[in-house]
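Listed after this line are the structures, all set down as structure tokens.
Next come two complexes, and both contain subunit A; in the first it sits with subunit B, in the second with subunit C.
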Partner chain A sequence: MRGYRVGLWEALRYRGGIGVLVWILHRITGLGILLFVSIHVVAAFFMNALNDSISTAVTHWYESHPVQVFVYFCVLYHALNGLRVLLEDFYPPLLRYHRELIWLQWAIFVPVFGLPAFFIAQGIVLGTP
Partner chain B sequence: MKVILKIRRFNPERDRAPWWGYYQVECEPTDRVLDALNWVKWYQDGSLAYRRSCAHGICGSDAMRINGRNRLACKTLIKELGNRITIEPLLGLPVIKDLVVDLEPFMKHYRSIMPYLVNDDPPPATERLQSIAQRERFDDTTKCILCAACTTSCPAFWARPDYIGPAAIVQAHRFIFDSRDHGAEERLRILDAPSGVWRCRDIYNCTEACPREIQVTQAIAEVKREILRRRG
Partner chain C sequence: MRRSVECNGLEYYLWLFTRLSAIMMLFAGAAGIVYANLLGRTVMDAPAQYRWAFFPIYWHVQNTGVPDVFPLWSNAFWRVCCTILLFIASLHGFNGLRVVVEDYVHRSTLLVLLKGLIVLLFMFVFGAGTVIIFEWF
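And then the complex of A and B:
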């Protein structure tokens, strides 16, 4: 007899710790990066091949400030979280400080993401490039 | 205090789908969840099925999901949970009845890592001696009671039931780092497979679920490192 694959709803109902949340966010940001790169490559190809209005609109969309902020969030979070996982895997005693390392990761993430995001948002609100 | 137990019930011979049973029990705050379950079974509904044996956190029989997290019913006090308690079977293993799951898939993974001493040297006249440091190396992982709380809290196991799971890796760790054992190469070969240690994503649910407070994720990371070290 084999175990069974647990459905998404059952899995989400499990009250795991902070580790689950950062792992889910790692997956979401990874998918975000994949989505952005895929759209970028496909739109750039059609832009060159056809130069039609759809590929122009898609290019304008992914070059817009909100999408740039989203991509910056995804890349920065994915990189920092990946770095933490690498550190924990190469120095297993650090896993005793798993929770603290996650807070440290957020302490680095918030200003490094927040400041550029703030200035981009300010630019959008004030209408400056 | 009055406690409402919400228990996930399922009898495969009678029910088409699981259902919730509600039971009101009079408890002391210092009673354990197992005491409340016993009260239900002995005085309210004898058809309720769950495993228990030693009732002192040693045998690992009564691991279950209590208020959404894997815990041992015999080590969890009512006062830690409040007066509404939800009890469900472990995730990822087939339910036999109510809170009893089929542990065979779990045990199959456990058996696969050769959970016994491998040493073909002639037995010495006395014990196979170890230094304090050699014994200390795997002390943490000797505490495992095979309750399955770690493996069934692991999202990697939920997604891929062929993943060997934290408990089997903890058991392998116990022998891999034992200076008296000669089976480390074979165990590491098994754990280096696609269903082995590399499925671990350092999510840490296992460590938080372990009722023996074993540093499960750390043990898994140490096994990963040992595989890499031996690869050179």
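And then the complex of A and C:
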């Protein structure tokens, strides 16, 4: 299991197909959620305990619209892909439809992410909150 | 994702924990969003939806247009539930970080150091979150 060393670029060039790409994205979005939640909890803690300017600035940053879109992307992708992995792991016959399930996952993801993201982006462009 | 795992030992239980906690968080998030949107008296914006998804403790969802948040989402029982949910979610997250680190770090001393750091970070985030949930300031 140990002893392989694959960077992001090699993994992207590796022709493992769509399975490798959704796996990489699952990791990146998972780390994104972990980063956001940790920053959020720690900043909220220091804001309540000290009410200092740094945690106030961090709070304003993670409540901004671009971060909202990023977090929404990470959470929705990680949830949908994780659900697919769950179903395939606990009911292996579904692995026959592995590729189709990935396409189904994207078919759900694109509109459910795209619509709110479009409206948030519209708010950024038009300057409305 | 689908790594080869032995069917015993800690690694297997963490593998299983990742899946079971994922089911729990999916249901908790879906329940929060459905509840808020059924009872909400205004159209909720994205941050309000996020807050109801993860997670509804009263100071977190006070300004989202859902009435009577204070008595229902502030009692001790619900705070304990939220603490358990925070524990499960942060363990899911930091265990995932451990899996990623183990895939990329091969020097054993560095790996031990990084794992220790992950445990410390986990304890700090969970501790800080618990303090906020119970408002021990």
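Throughout what follows, the second predicted complex is superposed on the first by the 115 of 129 C-alpha atoms of A that agree within 3 Å, B and C clash if a C-alpha of one lies under 4 Å from a C-alpha of the other, contacts with A are read in each partner's own complex, and residues count from 1 in each chain.
Here is the rule we go by: contacts are C-beta pairs under 8 Å (C-beta built on N, C-alpha and C of every residue); 3 or more make two chains touch, one makes a residue touch a chain.
Model, not experiment: these values are computed from the prediction.
Undergrad: With the two structures laid over each other on chain A, which partner does A:Leu31 touch: subunit B (first), subunit C (second), both, or neither?
TA: Second partner only, subunit C.
Undergrad: Which partner chains sit in contact with A:Val85 here, subunit B, subunit C, both or neither? Use first/second/both/neither.
TA: both
Undergrad: Determine, under the contact definition given at the top, whether A:Trp23 touches first (subunit B), second (subunit C), both, or neither.
TA: both
Undergrad: A:Val42 contacts which: subunit B (first), subunit C (second), both, neither?
TA: So A:Val42 only meets subunit C here.
Undergrad: Check whether subunit B or subunit C contacts more residues of subunit A in the superposed model.
TA: C
Undergrad: Quick check for you: in the superposed arrangement, does A:Glu10 touch first (subunit B), second (subunit C), both or neither?
TA: In the superposed model, A:Glu10 contacts subunit B only, not subunit C.
Undergrad: Check the residue A:Gly114 against both partner chains and state whether it touches subunit B (first), subunit C (second), both, or neither.
TA: neither
Undergrad: May I ask you to decide whether A:Pro93 touches subunit B, subunit C, both, or neither, giving the answer as first, second, both or neither?
TA: first
Undergrad: Which holds for A:Pro66: it touches subunit B only (first), subunit C only (second), both, or neither?
TA: In the superposition, A:Pro66 touches no partner, neither subunit B nor subunit C.
Undergrad: I'd like to check the shared interface: which positions of subunit A are touched by both subunit B and subunit C across the two complexes?
TA: 1-3, 5, 23, 85, 88-90
Undergrad: For subunit A, which residues count as touching subunit C in their complex?
TA: 1-3, 5, 23, 26-27, 30-31, 33-34, 37-38, 41-42, 44-45, 48-49, 63, 68, 71-72, 75, 79, 82-83, 85-86, 88-90, 116, 120
Undergrad: For the complex, which residues does subunit B have touching subunit A?
TA: Subunit B reaches subunit A through residues 65, 67-69, 91-94, 102, 104-106, 153, 155, 157-162, 201-205, 207-208, 215, 217-219, 221-222, 224-225.
Undergrad: Applying the document's contact rule, which stretches of subunit A touch subunit B when the two form their complex?
TA: The touching residues are 1-6, 10-11, 13-17, 19-20, 23, 85, 88-90, 92-93, 95-96, 98.
Undergrad: Residue numbers of subunit C touching subunit A in their complex, please.
TA: Where subunit C meets subunit A, its residues are 1-4, 19, 22-23, 26, 29, 46-47, 50, 53, 89-90, 93-94, 96-97, 100, 104, 106, 121, 124-125, 128-129, 131-132, 135, 137.
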